[in-house]
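Note that subunit A is present in both complexes that follow, paired respectively with subunit B and with subunit C.
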Partner chain A sequence: MATLKLIDITKKYGNVVAINKLNLEVKSEELLVIFGPSGAGKTTLLKIIAGVEKPNEGQIFFDERNLNSLPLEQRNIAMVFENYALYPHFTVFENLAFPLRSPRQVPRLSKNEVKARVAKIAEMLEIQDCLYRKPGQLSGGQRQRVALGRALVRRPSLYLLDEPIAHLDAKLRHRMRGELKKLQKDMKVTTIYATPDYLEGLGMADRVVFLYQGEILQVGTPNEIYNRPSNVIVGTLVGDPPMNFFDCKLKQIERTWVLEILEGRLPLPYELGANIAKKIYLETAGPDLIVGIRPNACKVENNSTEGTFPGEVYVSEPLGANTILTLKTGDAIWKVKLEGLYHFQVGQHILVRIPTEALHFFTKDTKQRINLEANYERS
Partner chain B sequence: MKSRGLGYFITRFFLVVWVIFALFPLYWTLITAFKTPIQIYKGPFYFPFIDFAPSTNSWQFIFFGDGRIDFLRGLLNSILYAFFSALLSVLLGSISAYGLARYSYKYGPFKNDNLNFLIVSQRIMPPIVAVIALYLIFKFLHLLDSGFGMILAYTWFNLPLAVYLLTNFFASIPREIEYAAALDGYSKFDQLRKVILPLAAPGLASAYLLSFFFAWNEFLMALMLTFRDAQTLPIIITTIRTQMEPKWWILSAIAVIALIPPSIVVLYLDKYLIKGTLFGGVR
Partner chain C sequence: MNALELLNVWKLYGEVIAVKNLSFECKKSEFFAILGPSGCGKTSTLRMIAGLEKVSRGKILIDGKIVNDLTPAQRNTAMAFENFGLYPHMTVFENIAYPLRIRNFSPFEVRQQVLKFAKTLEIENILTLKPINLSEGQKQRVSLARALVRNPSVFLLDEPLSHLEVSLRLRMRAELKRLLHVLGATTILVTHDQLEALTMADRVAVLNEGVLQQLGSPSDLYLKPANLFVAGFVGEPPMNFFKCRVAVREGQFLLFGSNNFSFSISKELYDWLCNFNLETYIVGVRPNQLYIVNDRLEGKFKAVVYVIEPLGERTLISLKLDDNLIRLETKPYIQLKISEEVVVGFDEKNLLFFNAENGQLLLR
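Presenting the complex of A and B:
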């Protein structure tokens, strides 16, 4: 089946390494999201696959066929460019029909078939009213939809979508996410989708590739990316508000393992503590580590018990369904996301429970996840 | 009504002065073409039908008189040279300009920018420096006083400017648009024909116009490289002026005719010169 393989791809612009020794396999018919902050190399990677950029090193295979020296027009790839790349001298209709009229469109489509397919895609993208305008007369969101339509109108062996809905208004973007996902499942065309928006990434992907500074930090299902971030950067960039991280020490006091965190102590279940201790003492030879906790895993409590920590309300953002608190404990600033609408006074002192089962552990020096034995891992 | 300040009237005043300054020579040429020698030498007359009676004697001379053959041949030569040399300049110029805009070259220490400068630097040198050498080359190649030779000479001179102008123009067309056409399944030739050339039309049109104007007005090379059969209109104009006394009336009539072909070219190419053809293509 149609799998795409990237082997040791390296791309440099002068002395800047945009993609560094990247290996990736894209399965047939899957929707693979390349997620990463701006500058991560998402666009460069897509351009290399499309053939727009030549990699300095590495091989690309599609269906066991080497793509490196295959001209763009023979690759049968449809791409949505981040900057749209519409044909400004054509109307929207002509833009959308252009790929259908290409000499590589086999079998040739009749005029009516072209019209019907353009009309169908225009309706889906809600641009049927501007078919006879030129791109210069459209709004930014409409232009982006034309760019998306020009790719979706035909059925290639691979879609490359570079932030294809980033500039639509929130409502339409939300709808398009679902539509695109459904369309991809219906058409069964392998799709690579680049986005800096983690909601888009997690919501649409079969698998997510987390790209950072030209290197892959993690490949996994949306569930794995969210629940088992492979390092501190993944944890920071996936989720909103981002995961809280605390530098802390793991110590054994009498028969209990405790984390020294937020000027207090958090006792861990013995097995868990021992498990982590074994890992960090073996790997880093010290008690230091980083723990991460998602803001929505924390709970506000009324009574001070073991595992609760005091915090002074620094900012309170009531957002309807949620309330996001920014707390200050000693020098640390951290966030808590509560379900429901609450009103807190700035400066108010509250108690927050940090549940030990929701903690993520990372080594202090490499910032990598500490992989625990199976029964302590979250699914 | 908004009250208009002093600045408004001062700008208008200078604009009116400028318009008179720019249009008066044209007006003077036009009325001189309809004057008799006596009306010209007797002192300035400004308005036809008011202070002088227009005459068509200069027009009769150039269309039906002794000067007819020379004049018509010069006119035809000028039109042919300007038309074809401009066409060749744009054709050849766009090919090399596209290459310079899209591909990276390196010949020893010379990269694209150096090559571009090297090409345009040919226009730094005044043509008079080259014209002697050109004369010798043309003599050796038996191109003196030939239409083909003149077209070649004008193309040689116009090409650097066309390349320079078009390189910048092609570079301003986003590469992504070309890549999009490639991914849509079009070959390189189709990408150029269907996407790049239509987008470059304003650049091609202005390069054509500039080349046309240069060839139309050029004097020095025509003077050195033509004698009789291949003479151009500017040469004809000067030969008329230098016979015994300046025949301003004939000169003016030819000048008026000489304005017509470039004007037609401008009017025709005007629709391609519209700006903003690239607007809306990329974010």
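Presenting the complex of A and C:
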């Protein structure tokens, strides 16, 4: 089984720590997405795996074999970087065929086999019409696809793809995301894919590694990352619009646990309230916590009842199938995403229901998720 | 009176037609977007309005006056800069005051105007700071105040958010819309990003290859796209299209596709389509209007799962139908496997029909 193991990898550039004691195991045949904002260390991590950069500390194993001292050309890894380097004097066809004509390509491929493999990948990437042009005559998006094609035409033990479709226009990116995922599933080559786009992260991955400032904040399936963000940063960077966060207090009033939130009160089911109270009063010794709610979990209501909160429409954005409202309640600015197209006037006062079952809870000081007992967790 | 009017405007670069016979008007305080892919002529249009390019044919009117022969400075337009373009050595106050000072406003007027804008934009407490000490959001406010303090007739925005990181872009988009609304500025936004145009503008003009495709509200563009280009360009993920013909088989009214793909339709729809007397129709349906059904009788056609993409709040499923891929958007947690056969349903009210020859929407 081809698995990749990274053990305590640290990479520094001068005093700047790009990767900090990172541990990761990549399963055989999986598509693992490294997701994080720019500057998270994604490219550095891929370069370390590829052998382009040496880690200051730590070990890399591939198939139980230590890679640290293995030069990059012996690693049988195909990589695509965001800044595509194509051979400028070769046509697109020759660029794509180059890896197949390499002496390391075993078994040797006949001319017709090379042609067929190039044609297949060119068709998938929609560059079949520019096979006989040179890179200088291509648009940025086309060049990026040639670079991707040159990597995909080979069958290495591992693919490393660094934002390989970032420069394509939105429509094509949407399609390529699906095509790449399908291709990876068909070829069954272990793939590590770095991107700052959460749609690519969730849409393509078997598992997502959330990287932030050189450290892993969470590893999980797309559903785990979306439904149980391990802390406030993951909640902020996954989802469009991002999760709303409110500083609030949990108090017991008579026999009810109540969240003081948005200048109002939100009663919680007793068990849920008690469960959170136990955690925060024990761990942080106070009533403060951060509550998160996704904009699409909120509902606009006509009547004021328990669990509804007033908001003044600050901005209303129609989005085709949805409407995004930015609301102002006291000093808090928050967002609600509604299914369908609605027309709200700026300044209009509306009521929004915040369902308690859709709340996420985080500690105030460390901003980490408060893990509740299983029956309160989303799957 | 319209703040801006384009009358049969053309832009030619030698033989190349960049903008072809473009006319539109923009009311005072309106937020107007020009949307299209790269090379559609949107930037040429903006530059002609600003006076940075000569109009080849036609007229441009600002506040009712023809401006074709006026210099950029004489046109009373303001343009936003991508990186905000604030003077780093000046305080926020001085940055905002600058356009007034060079126009010889009295110190009293300058102070009054700057304070008025600072109040509206809620930046009164940062007037003594320098740009380096400001957040991105504050910089945007200061740059808006500086652009609008001299009361321009038209405010021009060229892809103002495209260089920002995703999460910041979303916040700034809402913020910018809010601020321009509060200021009541007449705004022309040029963008290739359909989301930006749809979310921000009151009305949108869609351009392709220099030709106006449709002019309408965001919901018009989404719900009633005038032709195949607009239908495919607006909305994400893009609309699905099938080529179909109408037929009657064994008393059933059918739409059938290029290969062995067909589905039944109501008699009303059949009769309506027959009125157009076309050989082929293009059917358009958005991914969120298709759904997977368990009961074969409720469904319309069968397809095979090609790839599944969970996107958090929804899941996108690509299906293989003959040689075509179609996309379907569902709630998350649907349990499907690649290569599994599924039955797809939809409400025929949600289908759009286009003339296969000229690509125009057939109006119901």
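Observations on the model:
Note that in this section the second predicted complex is superposed on the first by the 379 of 379 C-alpha atoms of A that agree within 3 Å, B and C clash if a C-alpha of one lies under 4 Å from a C-alpha of the other, contacts with A are read in each partner's own complex, and residues count from 1 in each chain.
Just so we're on the same page, contacts are C-beta pairs under 8 Å (C-beta built on N, C-alpha and C of every residue); 3 or more make two chains touch, one makes a residue touch a chain.
Worth saying up front: this structure is predicted, and the values here are computed from it rather than measured.
Aligning the two structures on subunit A places subunit B and subunit C next to each other without any clash. With both structures placed on the common chain, the touch criterion links A:Pro71 to subunit B but leaves subunit C unconnected.
By the touch criterion defined above, A:Ser102 reaches subunit B but does not reach subunit C.
Contact with subunit C, but none with subunit B, is seen for A:Gly178 once the two complexes are overlaid on the shared chain. Of the two partner chains, subunit B is the only one touched by A:Asn83; subunit C is not.
In the superposition on chain A, A:Arg150 makes contact with subunit B only, not with subunit C. Contacts of A:Tyr314 after superposition: subunit C is touched, whereas subunit B is not reached. Residue contacts after overlaying the shared chain place A:Gly140 against subunit B, while subunit C stays out of touching range.
Of the two partners subunit B and subunit C, more residues of subunit A are touched by C. Chain centres taken from Cα atoms put the angle at subunit A, between subunit B and subunit C, at 80 degrees to the nearest 10.
Put simply, the nearest alpha carbons of subunit B and subunit C end up 15 Å apart when the two models share chain A.
In the superposition on chain A, none of the residues of subunit A is touched both by subunit B in one structure and by subunit C in the other. Only residues 174-177, 179-187, 190, 195, 198-199, 276-283 of subunit B touch subunit A when the two sit together in their complex.
The touching residues of subunit A, counted against subunit C in their complex, run 37-38, 169-171, 174-175, 177-179, 181-182, 185, 196-199, 202-204, 222-223, 226, 236-242, 294, 296, 314-315, 317-321, 324, 326, 335, 341, 346, 379.
Per the touch definition, subunit C reaches subunit A in the complex via residues 37-38, 165-167, 170, 173-175, 177-178, 181, 192-195, 198-200, 218-219, 222-223, 232-238, 286, 288, 306-307, 309-313, 316, 318, 325, 327, 332-333, 338. Interface of subunit A with subunit B (complex): residues 50-52, 71-73, 75-79, 81-89, 98-99, 102-105, 134-138, 140, 143, 150, 167.
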